[in-house]
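Labels for the chains are A, B, C, D, E, F, G and H, by order of writing; each one numbers its residues from 1.
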Amino acid sequence: MLPDATAIDKALAAIGSAEVATTTLGLEVRVEADELVAALEALKSGEHDFPMLVDLFGIDTGEAVDIVYHVRSLSRDEDVYVKCALSYEGELTSVWNLYPAALLPERETAELFGLTLAGHPNPKRLLTTDGIEPLLLKSVPIRTVEEVRDR
Amino acid sequence: MSELHDTSYEPGLLAEGTFDPGERPAGIKRIPRGVEHLATEHLVVNVGPQHPSTHGVLRLVLELDGETIVNAEIVIGYLHRGIEKLGEHRRYHQLGTLMDRGDYMSGIHGELAAAMAVEQLMETEVPAKAQWLRTLMSEINRIASHMVWFGTFGLDCGAMGQFLYAMRDREALIDVLEAVTGQRMMFNYVRPGGVLADLTPEMESAIRTFLRTIDGYLDEHDALLGGNEILQMRVKGIGTLDRETAVAFGLTGANLRGSGVGYDVRRDRPYAAYPELEFDVPVGSTGDAWDRYTVRMGEMRQAVRMIRQCIDGIPEGDIMAKVPKVLRPPAGESYACVESSRGELGVHLVSDGSDMPYRFRYRPPSLYSLQALEEILPGRMFADAIMLIGSIDIVLGEIDR
Amino acid sequence: MPHDYVVIGTFVLVGIIFVMITISTSNILSHQKPSEAKGLIYECGVEPIGAPWVQFHVGYYVYALLFVVFDIETVFLYPWAIVFSRMGMIVLVEMFIFVAVLLLGLAYAWKEGALRWR
Amino acid sequence: MQVGPSAFMALAAVLFSLGLYGAVARKSAVMVLMSLELMAVAVSLNMVALSRFVTPTEMTGQVFTIFTMVVSAAEIGLGLALVLAIYRQTRSIELTRMDTLKG
Amino acid sequence: MWGKGLITGLAITMRNLLRGPITLKYPFEKADLPERARWAVTPTYDEAGAPKCTACMACIRACPDNILELEVTTREDKSKHIEHYTYEIGACMMCGLCVEACPFDAIEMGHDYELAVYGADELTVDLLADVDAAPVKRAKPADKPAPAEKSAGIDSEKSAPAEKEATDD
Amino acid sequence: MTETVNGIAFAILAGAAILGAVGMLTTRNVIHAAFWLLESMIAVGGLFLLLQAEYLAVVHVLVYAGAVSVLMLFVIMLTLRRREDSVRPVEVSVAGAVMALVFGGLVFAAIASYGDRVAEMPETAPDTAALGELLFSRWALPFEVASLVLLVALVAAVWWSREEKR
Amino acid sequence: MSAVLAAILPVLAAVALMLVNGVVLIYMLRKVLGRLHLRHGPLNVGPKGMVQTTADVLKLLSKEDVIPTGVDRWMYVLAPAAVFIPSLLAYAAIPFSENLRITQLETGLLFTFAVLSLVALGVLMAGWGSANKWSLIGAMRAAAQTIAYEVPLLLSVIPVVMVVGSLDLAQIVQAQSGTWFGIIPRWFVFAQFPAFAIFLIAALAELNQTPFDMSEAESELVAGFATEYSSMRFGMLFLAEFSNSFIMSAIAVSVFFGGWSLPWVPDSVIAPIAPVIFVLKTYFGIFVFMWIRGTFPRVRIDQLMTLGWKWLIPITLGWIMLTGLVLKLGELGGAS
Amino acid sequence: MALDRITGEHSVAFVRSEQLFDWARRNSLWYLAFGIACCAIEGLMSASGPRFDFDRMGVFFRASPRQADVMIVAGTVNHKMAETVLRLYEQMPEPKWVVAMGACASTGGPFRSYPNVVLGVDKIVPVDVYIPGCPPRPESVQYGFIQLQEKIKRQAEERNAARRDRDR
């Protein structure tokens, strides 16, 4: 489950901004947005072989939107979480070329966090209709008790 | 109603990035694009959201040439109801009610994943008896869920009888689940730290009664649908997803195993009482719809086997660990996954130390399975599309969340 | 026999009258509330994309032509079958040649891939 | 009312004339073929009627009609194939555009 | 041989035809709900017929969805008067969390599932209105007679946390 | 009695046949034209019945109405690119009208001069068996030729309509 | 006047028969399917739910008749009639007993087929007129399917015609009276089993019945060519469909199962109850259709076409030739 | 009914036929197969399954709205779905009814605080019967249909009473 941190470190040596750390979650790699694709590429290819994108989602940390790429190596059954911070209304670069599994989750994340999607073959809204705010941002509130009671 | 129009066919809020497809990823035959980018000589049909066999409110936009699908686009969001957002406004032990309604066919699995994620943050030790009960309920739920899949799969290919026989068996399972948990679908049974309630002897004997008949019923299903030459003619060799594609699309569960990758969370990342159970993981070879079918049928038999072991092996003890009434896990993140009926159902929790999650992420296995449709539909007949939707077994509740 | 033909004629007339009566009864008995939204064409609950009338595959034409040809074959086959027992071996040979020639046509269409449904 | 052969012949003549008019007047190739079909039917009707009235014991007229059917079916099949071929070339089934085929 | 499966299929459906229906003829026959079945929330009453609710608000807080609403006035003598105990049955998901949270067993999940109504206003009901809340006397789980008919699970689950942090939140 | 019925039937059927033909020529919609033609064909089938050519009538309906119409409809649907394509203006052709009138006039003149020499419809008509006997003895050769004609049509059509192999 | 009456009465009888048939068959379908599926089917409306279909028909009668905008109005409006009338006409040649038939057509068998082939055109009208994609796909499928299976259907009865030497359904029935060796009825289903099998497949396909219910494949095409039809227009399409299955079953009974006759029973006993026997046999045939419908999955359209064109037609032609050969050789053998 | 315009409102023919057709409508409620979420499994699938057998009551599904009498809204309606619900409702021929099944369709249910969710389908189409529960048991749905039948009956009676009143 937990990959060897030093090996990952080595694999990402070319990526300047990559920081590898072990947290409660597992092995986390934090990279800058512009080096994200390179980092994922390094992880996917080579002997590290993380061919599967388990999940892709965002976390609104209050200062930025953290995009989490959860990748997995099936042969060794190891998980790595790659995180990169994007500013609000920033640009999310599609990684579908590396991981086709990202096609829908990327659209969803971009939509629900109000990001722009770059390099995606079909960058439309996915879940909601036009005019609905990016709902997963912390700044967008849910309905209050009074609102729902009054209907 | 003016504010409600569906504009998914115009460029939405998101910018239309200048698109350069670059190199296609390995194993992917085509670049998935929206249907409206293509020529208009063909017939463009909407399948769904209201269609008898899109398993809820999935909408597929198909471009047909005669009856052959040229291009397919998935449109979802008709059931988007904010499970993730609402999860940030629920206390930890209330998460189960949301998880139930995500993958509503197999609620126990969802609850289990959420409970495990919380336990991981809290570092709670769950009593052995609770673990066994969780396993037992999971497997019962798995059969119930597969029965719905099986029935609707029959319905998709026009075999009405199949659906009703499957519903008969599902009713039997639901009766057990209702007796144990109190509801027919939204169980709210697995809680952080344990389970809600114990089995009574009557329930145990009800399960045993069921176990006596289920083998015969499974044989009947196998003979009625699986043994039917017409069905074999229709599903063999369609919708083939080879290993590489399946992994690339992030498929999990029976869909992945149908493609020949023997990854099963229950075996490879054991949780609950699975390490103590004996079971096989059925694996397909070519990854066509028939393989997925046989894998699921095999899973049902394995589940029966596990239920037998569980019902005999439940240890004595508590069913609930000592957990505070209001959970305040320390700040941190956790990811817990279970093998739900549809694949790896994961829950990613971010805690900031308060009594509600800071971020609650539901990893829906169906969403990832669904993407593979855009890959396997083109080139198939329209009738195959219906079968293929059925064969990947999706639940819209968790796709849209 | 001529009487029977008249019956058939009456059949058609009665059929037409019956349909008219039923539809108009139904129209009399029901509340008609047409509205613009009601008149919209159904397509699984969303706005239809594009017109339904599109070109179909040329395969349909080949099937229909084959059908015409084989239909005409049956036109010959039925009288043949009726007189079959009254005539000698020669009718069998005649029909054999006839059928063989047409099967040749079918085989050609098969070979050309015209029988593959798309 | 007496329905004699002349009534049938007159009807056949009317149908044939209408078919003739259509074949000449219409530009759409399919319509021309339909008109031809109408003419063939008129001829068949004439033959059957005459054979029925003139040589009631012989069925030559009916046999002829069956062969007419064969020929007209073959004709319509071929004609429609031609229409399709033209259509492929010109994206239209107007006969006036046929000249593009030559060039 | 091709076709064997078809014949088997026909045999199976015929066998099922001969087996006869398993239908429950609903309006005429009703299923016995299992004891744990959870339907609409109903208040419970003590032997005297007074509601057991003490207006402690535990259920209100436990409900994920704010279905329950308690309008309470406090009299001079500190006793509480329940003006309205409103229950939005139309939005309740019957999860049972409120019942589990109630330290006085003052509400329970009823077994009545025939709940269909005509009007939207009927979707909100008053469980209790204009009654005096029961005086708070903290029931120690130890002196509660263990209800024999109840399953051990519900008891232990409810008692264990209730003991420890009942005052929390 | 029989005559009256025959007369009425003839009137209705003839009217229907002509109506179909006229409808076909006047409608602007090609699909509608095909259905008008179909109606005309069925009426002619009825006329065949009136002539006691029962087998012929049935076969006429089977071939013209059942098969040729479907073929025609398919081709029309194949060549339509939009629904509007099916609607085209009615072309009026003076030449056609003149030709048709001249021809019709000639035939009517011929009929008038010919007169109703054989007015009686013979009571009995030979049945299908007789037709078959005739067909497979006297007309055996044309019958075989018919198969060749059909074969040629089939092969030519398939050859013409196959996918362009580029 | 009596002649007119004589012409109209049987027709009215046929209309009544068709309506009753439709109502009874729909009830039967729901009951049979219900029982096959461990359910009851209609139960609450009337005794054993028997007036359920009556209520359905009355309700359809009183529903609003929606004519969507954008349809090809004439085609849309006329299509139900174009489907309904041929299927009514098909009753004309059914021999309920030796004397009880509406017409004594010499070409009864072929007449029925010819009339039923017109249904395809009605369906095409409905599909084209509805301006709906599902309808159009359904109608095109139905038409393609009908034309593909019409030929095997027409061909499959030819061996029987060869033996009997007539197209008259009554004569075909009469040719099947008696038994072989005193036990096996002389039904053509035994002597001509391959022909019967082909007939069954082709009939199922012509009727759009499972496993060949392409045109109204509920899980694919919503409601097929009937998608846009409401009220009684839909009722008519529905009724015609059930009436057609009655016709097909009746033809199967007369051609392959000895019509109104019963083996081993002398004619004098049969004569008064012949229509009852015929109808019972027909209903049994329909039951078999329903049984198949409740069991099988649906084939795919290309498989259906392959089966029709590449298998059934050559096989049937071969079987006809074989029957001819055997008959002629038997004749030669008998002569010498 | 347009019949009243022909025979007059008070004719025996009209009143009697209206009674007959009300009976027919009551007993032949075909519903539109339109499952949205979890409720669909219980209300549409289980209810028509062998155990509960909706067909007994003359209730069975039609896939096309043109042939349906009742729309069971079984699940959460969100803003994207709202238009579809409305459109399908509009496409059903008169007379038509709507059954809001489950908490979500009645009020928005467990998801009502999410801004994308419509607070009850009665915001979009008129609802005749609400069935609380999450999900309601198949029996609850059947009970709901019995209530709907009652309602149709009662509506007819009220109509007749109103007519009698006007008469006097």
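What we mean here is this: a residue touches a chain if its C-beta (ideal position, glycine included) is under 8 Å from a C-beta of that chain, and two chains touch if they have at least 3 such contacts.
Computed from a predicted model, the values in this text were never measured in an experiment.
Touching chain B and chain D together: C. Of all chains in the assembly, those touching chain B and also chain G are C, E, H.
Each of E-G and B-C has its own count of C-beta contacts, and the greater count is at B-C. Chain centres here are Cα averages; for chain A and chain D they lie 71 Å apart.
A separation of 22 Å divides the Cα centre of chain A from that of chain B.
Note: centroid distance chain A to chain H, computed from Cα atoms, is 45 Å.
Residues of chain D found to touch two or more other chains are 66, 69-70, 73, 76-77, 80-81, 84. Among the residues of chain B, those in touch with two or more other chains are 3-6, 41, 43, 45, 49-52, 67, 77, 80, 82, 85-86, 89, 97-98, 101, 161, 164-165, 168, 186, 224, 228, 230. Residues of chain G found to touch two or more other chains are 3, 34, 36-40, 43, 61-66, 105-107, 110, 128, 131, 133-134, 140, 147, 150, 165, 167, 218, 222, 227-228, 231, 294-296, 301-302. Contact annotation for chain pairs lists A-B, A-E, A-H, B-C, B-E, B-G, B-H, C-D, C-F, C-G, C-H, D-F, E-G, E-H, F-G, G-H, with touch applied as defined. Within the complex formed with chain G, the chain C residues making contact are 1, 3-4, 6-12, 14-16, 18-19, 22-23, 25-27, 29-34, 36, 38-44, 48, 51-53, 56, 60, 63-64, 66-67, 70-71, 74, 77-78, 81-86, 89, 92, 95-96, 99, 103, 106, 110, 115-118.
The touching residues of chain C, when paired with chain H in their complex, are 27-33, 35, 37-38, 40, 42, 45-46. Contact residues on chain E toward chain H in their complex (touch as defined above): 21-27, 30-31, 39-40, 64-65, 88-95, 113-120, 122-123. Listed in rising order, the residues of chain A touching chain B in the complex are 1, 23-26, 51-55, 57, 59-60, 68, 70, 74, 77, 79, 96-101, 103-105, 107, 110-111, 116-131, 135-136, 142. Against chain D, the residues of chain C that register as touching in their complex are 58, 61, 65, 68-69, 72, 75-76.
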